[in-house]
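Some notes on the structure that comes next.
Chains here go by letter, A, B, C and D, matching the order in which they are written, and residues are numbered from 1 within each.
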Amino acid sequence: MVQKMKLAYIGGGSTAWAWKLMSDLACDETISGEVLLYDIDMEAAKRNEKIGNLSGKGRFVYKAVPTLPEALKGADFVIISILPGGLDCMESDVHYPEKYGIYQSVGDTTGPGGIVRAIRTIPMYVEFAQAIEKYAPNAWVINYTNPMSMCTDTLYRVFPKIKAFGCCHEVFGTQRLLASMLKEVKGLENVQRNEIKVNVKGINHFTWIDSAFYKDIDLLPLYEQFAVKHYEGIDNNDFDEDDSCRMYSFKHRIKFDLFLRYHKIAAAGDRHLAEFCPGQWYLDNPDVVKQWGFGLTTVPARREEYQERYENAMAVINGTREFHPEESGEEGVHQMKALMGMGDLVTNVNLPNQGQVSDLPLGRIVETNAHFTSGKITPVIAGELGGVPHAMTIRVSDNFDQVVTSCLKDDLSGCLSAFQNDQLVTRISHGQAEEMFMAMLKNTEAYLGSYKKIW
Amino acid sequence: MVQKMKLAYIGGGSTAWAWKLMSDLACDETISGEVLLYDIDMEAAKRNEKIGNLSGKGRFVYKAVPTLPEALKGADFVIISILPGGLDCMESDVHYPEKYGIYQSVGDTTGPGGIVRAIRTIPMYVEFAQAIEKYAPNAWVINYTNPMSMCTDTLYRVFPKIKAFGCCHEVFGTQRLLASMLKEVKGLENVQRNEIKVNVKGINHFTWIDSAFYKDIDLLPLYEQFAVKHYEGIDNNDFDEDDSCRMYSFKHRIKFDLFLRYHKIAAAGDRHLAEFCPGQWYLDNPDVVKQWGFGLTTVPARREEYQERYENAMAVINGTREFHPEESGEEGVHQMKALMGMGDLVTNVNLPNQGQVSDLPLGRIVETNAHFTSGKITPVIAGELGGVPHAMTIRVSDNFDQVVTSCLKDDLSGCLSAFQNDQLVTRISHGQAEEMFMAMLKNTEAYLGSYKKIW
Amino acid sequence: MVQKMKLAYIGGGSTAWAWKLMSDLACDETISGEVLLYDIDMEAAKRNEKIGNLSGKGRFVYKAVPTLPEALKGADFVIISILPGGLDCMESDVHYPEKYGIYQSVGDTTGPGGIVRAIRTIPMYVEFAQAIEKYAPNAWVINYTNPMSMCTDTLYRVFPKIKAFGCCHEVFGTQRLLASMLKEVKGLENVQRNEIKVNVKGINHFTWIDSAFYKDIDLLPLYEQFAVKHYEGIDNNDFDEDDSCRMYSFKHRIKFDLFLRYHKIAAAGDRHLAEFCPGQWYLDNPDVVKQWGFGLTTVPARREEYQERYENAMAVINGTREFHPEESGEEGVHQMKALMGMGDLVTNVNLPNQGQVSDLPLGRIVETNAHFTSGKITPVIAGELGGVPHAMTIRVSDNFDQVVTSCLKDDLSGCLSAFQNDQLVTRISHGQAEEMFMAMLKNTEAYLGSYKKIW
Amino acid sequence: MVQKMKLAYIGGGSTAWAWKLMSDLACDETISGEVLLYDIDMEAAKRNEKIGNLSGKGRFVYKAVPTLPEALKGADFVIISILPGGLDCMESDVHYPEKYGIYQSVGDTTGPGGIVRAIRTIPMYVEFAQAIEKYAPNAWVINYTNPMSMCTDTLYRVFPKIKAFGCCHEVFGTQRLLASMLKEVKGLENVQRNEIKVNVKGINHFTWIDSAFYKDIDLLPLYEQFAVKHYEGIDNNDFDEDDSCRMYSFKHRIKFDLFLRYHKIAAAGDRHLAEFCPGQWYLDNPDVVKQWGFGLTTVPARREEYQERYENAMAVINGTREFHPEESGEEGVHQMKALMGMGDLVTNVNLPNQGQVSDLPLGRIVETNAHFTSGKITPVIAGELGGVPHAMTIRVSDNFDQVVTSCLKDDLSGCLSAFQNDQLVTRISHGQAEEMFMAMLKNTEAYLGSYKKIW
């Protein structure tokens, strides 16, 4: 029996997450249905409609629709993956702070770039939440957009009964690192990343593992030796976010450094981890970055990458290239199947804190494992962060909370307070931070129409 | 590859749980090892040694040992299932209160019988915990003994780092009831009980289900109709605890009655549920019990049953009967395998509350689902009980807490306070309750040697 | 300088609390202002207008007004003391359950009477809260009406920013008992009740004292001896609620009995304490009541008392009797002065739990000390109840919570669930309790117009 | 009647706090007793013995004793005010970090100086706590030593039942500022600082006021205007800590700046507040410090001040100067009297968090108001910090927690982790911070004998 389902895809013109999803839907023989693609760039959605309908064996029908209600009505699942403001905004987010000596390796989650990105994204998420409440209140909602915590938080604040969760693959990379460690240390080949059982907790892109096992092997003692041995970094990197180029690469040095300090495994790519620490530690300047073995992902490089994907899409549409769906390694399809009763799953996911992280405030969006089963996602009790990891995490979580609260009240000066207290921004004075903030707002003002202008 | 393991069985002369375990170990081809049987009745342990070594194909070697340290040293798992004080004590626990018009359907968990049973069991568990701390501090400890909550609590209070959990199959019976409902209502055959996905919470033998799904079917609306339709009770009972006789039977009337009042599924056999409610509701007198469609399990009947099992054991040992191991439906072996990395499992289990039940105090032994995986058990966030179920549950949990605290301080008058506040005992006056308490202590004083005598 | 203030009095025709207030306002030379009397019985309000204007030296002007908005506009303080449904309803509340063998000594707080009284009072409090939000959102609101917890809870649920608190003098009686103990034991004369410093916690009419000092004398060890010595009861009762007749009298036997069981001082009159315990303990039948040394306050006796007060009022109005204001011993005026910056005060008061009682749920109305100062009331951290007192208290608090929630949703069957679980009601079966509940609703249906009729 | 009392003074050779206490004891006619002075500098204690016995009218007898047990036995109150390691250590704490561009205005609470000071103080406090447990377990213990939070925390960790609290006058200065505002804005003369009623919360030297009233005047709206008007700073400073010289002066600019950002009144001297903020805000370099209108308190200046006090002491002893006791404005004597039943007091104090600050972890030492009464101190519910003040505070509190935990485990590398995450230290790299830490330990190693040497 093939299970029928209806998906709404907000940001349906995406060339990254949408393609992964189309691949995964094409590869799974047990499900079928309809995917409605909504995007402010209708042309992009139409391209994906064509590609989607070329993929698979017709079990899924793809359709680009011009409005959000058309996409949402009757949906069992809603997926949100948008690029809020496009690469021009991202250029300001990531590179403008460099004028003040502030370097960002990603710039979409925290730091000055993450906060300004949140400010323009939150009004969009207010609209999504309101539309979901109106047109698909019982749908499961999967968010992939960054800044993950603040986007997901906005959904819950606007529509508290929303059944939303946020997904990210960064922990998978750490599981892969542990699998590769087992190969090196124990000669174990072909350990799958989801055979590495971890207890994970924190906030998206800054999560910590305090228990890791492969079968009956306790991985933490092995990891300690591994971190010491490879403290200078590992070159041949198993994990590439977005199956892509060197600009995403890193040598796990930050991960090892954090482990040796705090005795917990930081579970995200080094590019993300660096941004959650005081700026002077790993992002002090490009030389320091280099020394820690990772790269700053530039927006010009992202533009090139985007152009490649666009050309690839056109080639598929024009029939000059074939689309060979392969499993992406992402878990969205497994999660949806679990929720429909097609096999339980325990995996890491972003949800409001109901106590799964005991030393972060209730209600904050946190990332831990959760049990996906028929009709329900239940987070597991992951315990406390403790110590300096707690101190670093709650500071960022407090800032996120302040940003979301302030945006929802249209109080951008409240956002400024959080911005000035950001771990990358405190290297400059209040006055300089304010000047930078105003300039960054001005650079991206095309997307700030819903706010009182303070810049 | 066959995984090796070493088990210590405290109460290894048991004819109930021990046989189920031997069967399950015999049936599973992927594991092997050693089972050390310790029992104060060494003869009984020796009988099980013989039966165990006759069962299976020799993958497991059984050995009765005369001391606890011999059993525990090197154990990966410790199983505790004892009958504290034997059937003579149980006779007093269950039937003595009848003199005061207090009827108990089980008498081993709560009520006057449950409390007095706890009083004599707690000193035994103090010894077990101390021995485990000394001889097997890293072992996983599975408790099957009642009163479950108080036994497990004692283990944690004495040795806070113990890796103990308590197991009970009462929720399984409710899952089976839901499966049989699916057959009746939807014509679905062969739904397995573990395909019924439930969110369960409460304390052992008084747990509540507020979410139940089979694949994509929400079972709560169906159950409401089912409870109304079968309000007078269901005769042909799918569930028989201990695959046994009518004395354990019930018609689910109490379960239906509680559902119609509180809109949550009470998830235990009616005999247990009745004892957690004010005595006048379902246990007012034998006529009321009959009217609610369940039976009072008498100790004479238990004696007969025990005799049958004993004869059965002798027959197996003498070779006049064969032991055909069959899977028991219990989950102990699955749980142990999960902990060794042989397949994850999410199931209900008794653990100290770390927030999995949001409206019971932290530290109390609660029953919810937990994720069993390599090297770790993590409870899931089951949420709040709320309303009258909360009021009923916390009253009992408070009483349990008071009993354990008082016993550990050798303060039996503190136990008396809890006893007088028990939901079955409040039908009599303080003075009568005290008189009854003292008599029940006297009846069982052979096992109360570690306490200052107040009776 | 005399401080000006404006008071609104809801229930301004009252002959009990209103007269105390008029006396206290008349006695205090430092304040002046206006008192607006609102009552559904406008004649009664007019009588109090006359008496009020005869009292004092004209510093306060009294005025009966026909509508709530007229009373509230511009008020600095709002006082609510009503008799919801009058003595006819109370007759049913208190005496109808006697048909089922359920005796109540007060019947206005908990027990079947307290719950049915709550059901008819909550809609009135919804109106009060809405009117206060509209007409006097910044006023301090003092509630004297029972059931205290449920009335105050309703105010906060309807208007969460209300600055309301509930006052009751029952703890004062316990302080007076401790003062009389000091006289007896230490020969100390003239110890004032507010010199007895207590740490108090619980819910209204069922509060517990775990620390009591007079200057540097620790009173708990003395109280233990005192309780033992006077276990049979104290005849010459220092404390008479409402300076009134024997029908309110008691011998503190229950107070002593509870202390010897739980080692905390129960801090309310025995008539109230009895109702929070399982019915069979102190209220089993009139003989048991007598044996415990207290009386059942009958409604016929209340009628007589009311008639006396009415005649007294008429005599004052007609000039045949003079009104000699004397300080009542209540604290309302002191509290209002403290809030206006005229002297700090620490006293017991009913407020939503923000953690002042650590083992009751947040948000529940609890009674502890609080610091009254300029512009602010801040509860103190009173700690945990613990043990059996906790078990008894939370059961009642849960029931209250269920009643308020159900009434606000117009779900009287939810109230029935709580009613059936009440500590006085569990002596009868579900079915009998339902029958009794329906009859009690019917008896008082004149005040249940806002509910769907289920009786 | 004059109340008798016995005090033990640890650090009894002090020329600052001890003199204030002697003055206050001399001024109060209602108390008498004995003060035992213990100090590692016995000569200093002897000087204070002489001065003490010259002060007052002989109601108090002072005696220097050579051992801690002699001081403690029979004490009703224990006062601890020590200078851990003396001014030589303080020279390293405060000035060594300047080599790394890190400036500290006080250097005794947080920042690199505060942490290293804690490291050498904690072992001393372990001894004090053990001795108090042994010799004076029921005494009230008042701590004045900095770092306040970590000293007080150590007392509670070593002897959990200790009745200790920590006192500091920084909030008083803010009350005085509010009083002077009332003079300027409202023309109110002679408002006393304790007539300014504040709700205060946070950690010592970084507390926040969210409610402030004088009689019925709400001070927060006035303060907003006041902060705007005086944003450049107030010259004529009403508040001088230690009645002393310009090196302690400040213009309240930081206080005003923080208020305008966070809408709560930061309630400590600017010199303290600055150290809790990211270093680049107010302490970036000496020019920035000047611009914010406060001074860096240098250790050479402290030496001069100490010398003056020493000469003063000798003059009193030699009879060339008279000792005229005047009330110090401190509250120690009032607090002790309140605890003996000589008048209630509500004031700010440092205690383990039992929920008085709702968004800091339980158990952490926090500063809020508390009710001092006969035999008991009860903190009031001060509520949440919220927003950026919370983010800044919890970061520091987490670091303090980590330092105390690590010192008690003799794990100075755990302290290093906290040190590197300190808000003043994050301006330098991990490596530089480690180098600085080791040097600072080396500079003060004479007091680090109880630790494994890692420097």
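Here is the rule we go by: a residue touches a chain if its C-beta (ideal position, glycine included) is under 8 Å from a C-beta of that chain, and two chains touch if they have at least 3 such contacts.
No experiment lies behind these values; they were computed from the predicted model shown.
Mean C-alpha position of subunit A lies 45 Å from that of subunit D. Averaged Cα coordinates give subunit B a centre that lies 55 Å from the centre of subunit D. The set of subunit A residues touching two or more other chains is empty. Viewed as a contact network, the protein chains form a single closed ring in which every chain touches exactly two others.
By the document's touch criterion, interfaces exist between A-B, A-D, B-C, C-D. Taken in their complex, subunit D has these residues touching subunit C: 3, 197, 199, 211, 213-218, 340-342, 344, 346, 354-356, 358, 369-371, 373-376, 378-383. Those residues of subunit D whose C-beta lies close enough to touch subunit A in the complex are 257, 261-262, 278, 280-281, 284, 288, 359, 361, 387-388, 390-392, 394-395, 398-399, 402, 414, 417-418, 421, 423, 426-430.
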